[in-house]
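Heads up, there are several structures right after this.
Here subunit A shows up in two complexes: once beside subunit B, once beside subunit C.
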Partner chain A sequence: MGLLSDPSRRKVLTGLLTRLNTPICIVCYLAGIVWFMGLAFEPFTLRTYMSENAMGSTMVEERFSSGERALSLAKEFDAHKRKAGGMPVEWLVKAMQSRGLEVFTQSFSRKLPFPDENKERYMVRGTNVYGILRAPRAPRTEALVITAPCSPGNTNNQAVALLLALAQYFRNQIYWAKDIIFLVNEHDLIGTQAWLEGYHHTNITGMEYSPLQGRAGSIQAALSLELSSDVITSLDLVLEGLNGQLPNLDLANLFYAFCQKLGVLCTIQGKLQRNDWDTAEGYTHAAQTMMLMVLKQACGRSWGDHGLFLRYHIEAASVRGINSFRHYKTDATTIGRLLEGMVRKLNNLLERLHQSYFFYLLPSLSRFVSIGYYMPAFGLLAVILLLRALDLWVHLGAPALAPSCHCFSVSLQPSSPGVLTVLTPVVISHLTGVALYLLPVHLQEMAVEHFPVSETEAVVLTAIAIYTAGLALPHNTQRYTHRLILMQFILRYMFTLLKLTALLYLAVLLGCTALINFSLGFILAVTLVPITASITPHMPKALYALVMVLLSPAFTILYCVFIYQELIEAPVSVSEGWMLFLSVISQGILDHALYGSLVYPLLALFIYPCWLMFWNILFWN
Partner chain B sequence: MAAPLTLLLIVAVTIRAVLFRSSWAELISERVEVVSPLNAWKRVVEGLALLDLGVSPYSGDVFHETPFMIYLFHFVVDYAEIVFMVTDGITAVALYLSIQTYNKNVFRKQKYALESDRYPADCLELLRSPKEMFYIPLKVAMFYLLNPFTILSCVAKSTCGLNNAIIALFILCTLKGSALLSGILLALATYQSIYPLTLFAPALLFFLQRLYIPVNLRRSSFWFFTLQYAFIYVGSLVVITGLSFFLLGSWDFIPSVYGFIFSVPDLTPNIGLFWYFFAEMFEHFRLFFICVFQINVFFYTIPLSIKLKEHPVFLIFMQIAIISIFKSYPTVGDVALYMAFLPAWSHLYRFLRNIFLVSCVLLACSALFPVLWHLWIYAGSANSNFYYAITLLFNFGQVKSLNLISHFT
Partner chain C sequence: MNYCNLITIFAFINLLVSIPHGYSNYVETKAGQFFSSGHTNNWAVLVCTSRFWFNYRHVANTLSVYRSVKRLGIPDSHIVLMLADDMACNYRNPKPATVFSHKNMELNVYGDDVEVDYRGYEVTVENFLRVLTGRLPPSTPRSKRLLSDDRSNILIYLTGHGGNGFLKFQDSEEISNMELADAFEQMWQKRRYNELLFIIDTCQGASMYERFYSPNLMALASSQVGEDSLSHQPDLGIGVHLMDKYTFYLLEFLEEVHPASQANMNDLFKVCPQSQCVSTPGHRTDLFQRDPGSVLITDFFGSVRKVEITKDTINLTSPVEPPIKRSGSSDIQIESLTYVDQLPVAEIIHQQDCLEANVTRCRRKQQRTRKLNCQVVEKQTA
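And now, the complex of A and B:
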């Protein structure tokens, strides 16, 4: 603190910071973006390595060989599924029992707040079936979970069949030290949610479910298996979970190690790894992979059944079989061996996975960027807000020190009516945020009565309407402040104070968001920081209003939708993009109601009101 | 001035009442920043249950309140919410009245000094105008009642609010010049949580100044008054402790309350500095480091009393702040008490360097506490180091702000 305690040096420092404020801010912003883009460049990343001792040195030999039997089981399962018109509970129970598992079922039901048009469901009723393989070698205090969702149509039959084949094979081995739970869940995430809540005796989301009759020890790790087609060419690893939480990196390392060993083609974000990092294409490829991960993480939803396990401190990942690389083919035996190997390694664990990283980005499966490398990119953006706030503070303080403005400095006392004036826009913005959070779901019935729309459309359109209506508010507050304060300089002072408050608020908000979900914090910072740092009432109103709207949170979501479609190589037209945008909003609201995803409340209750405060500043005079 | 204060009290009570009824109350009462093992309401309830069963409440390792506290709640447990709201009100009114008295004194002194031309010309702008002074007591009450820290502490039903009330009443009695009541309340505060013991020195200095007795070790009047005040203090402390013994019929509470405060056996994370160190430490260093850590609270009394002997009220503020930083189980309620005094020194703000930095640090830390707690305990992706880093930063902010304010007095 020596530098800050010495008055003369301090003066020089603040003088420098205020004089060069704008150039420094611009440099910081550009440096932040460049730093972030540089993260995908291979020499700047680290090679992944297995940190966990218990999973490292002892490679085991995989002996699973009943891939063919799994395929015939899949056909049988398919037939029974068709007959039952849903999950063939009885057949599954019998099949699991005949393989020597302790089998239990759990039924659950859930009424969605409004119909989910993507998956066409509203009243959801279903049954989870799970079998427990008791560990012969150790006290049954720990467990592993392998889950396969039983989805409608014939998409995931192979996964369920493989699960059963694995159960049969595992039953005959003697080395299990942890119970293994084979779970077949219905209605994907809702089923998983019901099962997890039943297992842990919690009820966070108001789901109705029957209590679990049998349980094993505390779950150490979980793998979710999804095989979307009959022909599998490669395996994709999905890590992004609820609220952008990621499993321990060792789980990804484990998957990668076994893919290498068995010669299976493996991808992440559906993208293969390339070795030509020094060419432009190689770099673009890595950057695209990383951007996809950032976008997926930022939207805070669970991208596979594993995502809900993470909330319970269970390291989990989804392995998804895809059919997109023509010349390769991976048979069921190999996939079975891969799972066998992974489960055996997890079986060796002495404590929960904790050695490796929890905060990382993956530009490819063999390379990772740890928190220490990516946080500076965010820090460079966040520091702009602090620099601007410091600048405003210095400007606020300067007249107070001059003795000639004594009357002015009296008005600077925090108790003057000024604080109330600043409080008004803050409170109004937040009330708008609360309306945006509460009204869409609660007003749907009324909206459906009066307008020719479905419930889902009603919710989404109400949200957009409230969002837009919020933009009309500043005029009200502004007239109010005019009556209260007449003197021009106080008005000027008030806007500075409001901007200072809003800048600090945004900085704290983005900082907290980036700690929990780096991607979300970074994306919001990229769009919000430039406009919030530069906004003043003395700008051409129409132009800046347009720029502000184009950089508002809703438009950020819209851009993300387009970029995401571009990156997964399925570009969409503007109207399709708009429809996708609407469905993304409804999915966000549903994710919040069903699984407790925090992105929607964060945007509605904090980010949007904060943005409205800056909107207020633009229309201050 | 009564009207704004009444309005303030009504607003404050409304906020608390709404929060008590909301689903947040339960969440808040679990937060480690708000409740400590010493003052958690859950533990009070446990102690009451044990008392009702005829078991000594101190027989387990859960209850660490003083016997007075448990007998108080024995009678009012059904009205606990009202008690906590009223306590906050009493604290605020006491602070209001004491700062009003203090300001009157300061203003009188300033007037005499002005009349006798004792101020140099260039510090005239430092003088406080009556208009400024008029609002300060109200601001102090507002800073206490509407401080989110106080509100959280009250909604969590942390008994810290009661301790704050006793200290605020002690300050009021001291400033009003009643040595007897001041001594008794100081004894009560000491009995509640030991640390207010260090407030003895500033209170004594204040009375000496008020009675125009110079601090001179060779003067008999100095010794006479000191012994008199010390006698009131120690006498009431003995009486209170004796009463507690007769209430419970055993000395169990001494190790369970004071032993617990001094030896820090409970290492639940909180906003203080102790838990991380003692969780990491080898057992055989423990005693030594407990002495080192605890001495911080008491040691600064001596240099500060020498340096600030002309400003005893400011010394009280400093002592309360030091207690809340260095005590073994601090909560945000303790922080709120000394923060309430900040408006009283508002004439110094324009000279405070780095106040921007410090307030940003405190603000950011308050937001980061729950976030890092979530990452550590629920998400499992961060660890205790993250949380302790914020604790350190928070305490750095507090120390720095004290440093700033004390520099200019």
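And now, the complex of A and C:
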């Protein structure tokens, strides 16, 4: 009784908790939002610095000079690409062999679950070509990868050509301590996935590929090049990878250091850095850059060919050349020198990059926010759920006896009937989630037969249909539940138990998500926490139903699409936004099937059922 | 005119008389200098404690001191060179088989005849202390031993990464200043040095000599406690820093020293002032008995054979002068320190006998015991 805790003290505390619960929750929510927005404010960020001692500063002499030769090679590559109607495998093999590399090819094929309308492919067959430059004196234990995609049309010719020019230059140097692999992959991400799976002897996505004949050792770092014009005005760095994973910050620091040394303009999220952090425009610029990174990280897809390397603990980044309307242009030789400097510094590494941060947000290339600074924003939101759960627990422990109840002869036993009836909504919500996960792809043929839509549209619309059908569930579950329990009082008590379970479940879910992919967890928390914390059956049902639907995960995705378009300065109208939204859903399902992205399963199997449980609570009677 | 002639002749005769007198004075001062330092051979222990490519400069530091020491006369058999990593043959070295100390590859300190005694993972704290104290297994070859005696001047040079009171060996262990001081005390008790010069080029190097307590030690460090020693120049072709500032200027100073130079320790203390080095070099001479101004650089860095050719006889009846008292030391009078007499058995056993009148028998017995003592001592140092 009063041995280890003081009951009167506890009563005071719980009374305080009950009384102040709502104000504290509101304060926490506002504090969380303000903290997040304040992360982009420059005095709260830290300047980036090189943490890895072995890489040192930009203390190398770059001597690469064959930029012009690379450009003429680009034209040759383009011509051969047109002639071959795809990837000119023989020409690439001969070109790499003449430069002294050990050349190998890998063929792969993959049938997508449904046609990809963005890239117009369904049955994908391709070949990867890669050449290995062996280190002249070192044992073949470690490797670096430089990759350029072979894209159809006019894109990325200069990237492949620069790759070959760099290979020729690197072959003449004797200071390589690691093997360097020059990879030209076809069908961008699918080719990279096939190559990586072949290299590491795994098969996680059901791809068919021929085994790799040549191998080089454990890969320490990778760089992906995307260059589509002879001259560029700036270089963009892309860091976000699959499932929101980011490479080590030292790679971004290395890129930035070399850009400064060679005088190349560098951007992140396509935005240049500004120096006026104390003005409103400066702050909004940094906030926009950070929001773009958050949105890109949250959607969990790989925004460059580098993104798939991160899963194998290979630090990788994509460097994209951008040609916009600026006066000062950079030529291919300077880009070659930048890459030469970066690869030479990566050559000096003794271990994998691990000294700097793996979890960070970048409001600009020279400033970063580490996990210790941004996690409290999410923590404040999660605390709301826990406070509410604590409040409900206190109510359950000492229920305020309803004076209108005639049934105090029945002792409250929160055992078997309670658990069973809480279990019903939980199980039914999760079954709906499983349906949302499995049915769209499996039922597409049936949908195509009955409706005049293409396969992609069928999948997406089936998903939306199942999502909406879940809204009608409470009526069904209520009927089932009513058969079990007839007492008003116990019914009222049941919703509290269900809400407590759902709140804890949501807290655990969001917590785990935020640990792995902070942006996804934070965005979901921002929309889900207010409604779930304040929901009860006693609210005005129509209004609250509308609010719940407007803040459901699907609408969160829609808002994110609109915000993203605003931030990249290409705002869209409502109908265009809706089409984008549909394509985002189809891309999400495809990413999950092709590369193992976890956002779609998370939303379908866990977040959506959780939201459905709260929807059930709203319609509890 | 007569007077002029007389004066000229008088001056000429004076000159003729004074020249041999001046010459014998000069020879006597030189002879006095013969025994001023008290050492007969020179040893050097040069240690680089850090590995990895980005610590190129520590290997270059050690090799440049090695080069100076060899140039000034200490042979490889008297140098114990410990290098923790091989920079010359590192895969990342664009000029294999070279280690440069000046940028633009002016000076290759690796050369053709570098003899490394302890290499790679053999450079450990245990091995370093065993070399200093002589406690090596019997199978250790001579090149890995410090075979010094009580008339050896030893130069010890350490470089690497250090901190307040420690020096890091190979990224996995440390030697503390107390351990080093105790090792030097062991060396003193085992009569393994006459005088010892200790130079250290690391961050906070002065902390390493704070705890010394054995006599005849002089120490120099590249930075004080709380300061970092900085590296000097990067070479962009090689991609690393080539030398540390202190050793760079030390090397420049030593390049001007030749075996006959009279530069003394006070000049060495002035190497790399704060304006050049950013850190403040420090030195410690309170345990040293001679005045640093009278200590030649070549007493430690070179192996100068004391040979003076003379055609005259020199009067050596005056005994060897005791060590010159340091000028400027105020109250503290350091007593002249000599080695404790080992195994004074003679006094213990024959004390009573010598009190008797039988002096000859006593003396003969003392001679016999002294011979025995010598044999015992020889066995110990073999």
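Note that in this section the second predicted complex is superposed on the first by the 588 of 621 C-alpha atoms of A that agree within 3 Å, B and C clash if a C-alpha of one lies under 4 Å from a C-alpha of the other, contacts with A are read in each partner's own complex, and residues count from 1 in each chain.
The criterion applied here is as follows: a residue touches a chain if its C-beta (ideal position, glycine included) is under 8 Å from a C-beta of that chain, and two chains touch if they have at least 3 such contacts.
A quick note: this is a predicted structure, and the numbers were derived from the prediction, not measured.
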For A:Ala54, decide between first (touching subunit B), second (touching subunit C), both and neither. second
Using the superposition on chain A described above, determine whether A:Phe358 touches subunit B (first), subunit C (second), both, or neither. first
Thinking of the overlay built on chain A, is A:Cys512 touched by subunit B (first), by subunit C (second), by both, or by neither? first
Just checking: does A:Ala280 make contact with subunit B only, subunit C only, both, or neither of them? Give me first, second, both or neither. neither
Subunit B versus subunit C as contact partner of A:Ala542, first or second or both or neither: neither
Where does A:Ala570 make contact in the superposed view: on subunit B (first), on subunit C (second), on both, or on neither? neither
In the superposed arrangement, which partner chain does A:Arg137 touch: subunit B (first), subunit C (second), both, or neither? second
Going by the contact rule set out at the top, does A:Met123 touch subunit B (first), subunit C (second), both, or neither? neither
Interface residues of subunit A shared between complexes with subunit B and subunit C: none
How about subunit C: which of its residues touch subunit A in the complex? 52-54, 90-94, 96, 234, 236-237, 239-241
Subunit A-facing residues of subunit B, complex: 125, 129, 131-132, 135, 138-139, 346, 350, 353-354, 356-357, 360, 363-364, 367-368, 371-372, 374-375, 378-382, 400
Which residues of subunit A touch subunit B in their complex? 1, 4-5, 7, 10, 245-246, 310-311, 313, 354, 358-359, 386, 389-390, 393, 397, 400-401, 403, 406, 409-410, 413-415, 504, 507-508, 511-512, 515-516
Would you pull the subunit A residues touching subunit C in the complex into a rising list? 53-54, 56, 59-61, 135-138, 173-177, 344, 347-348, 350
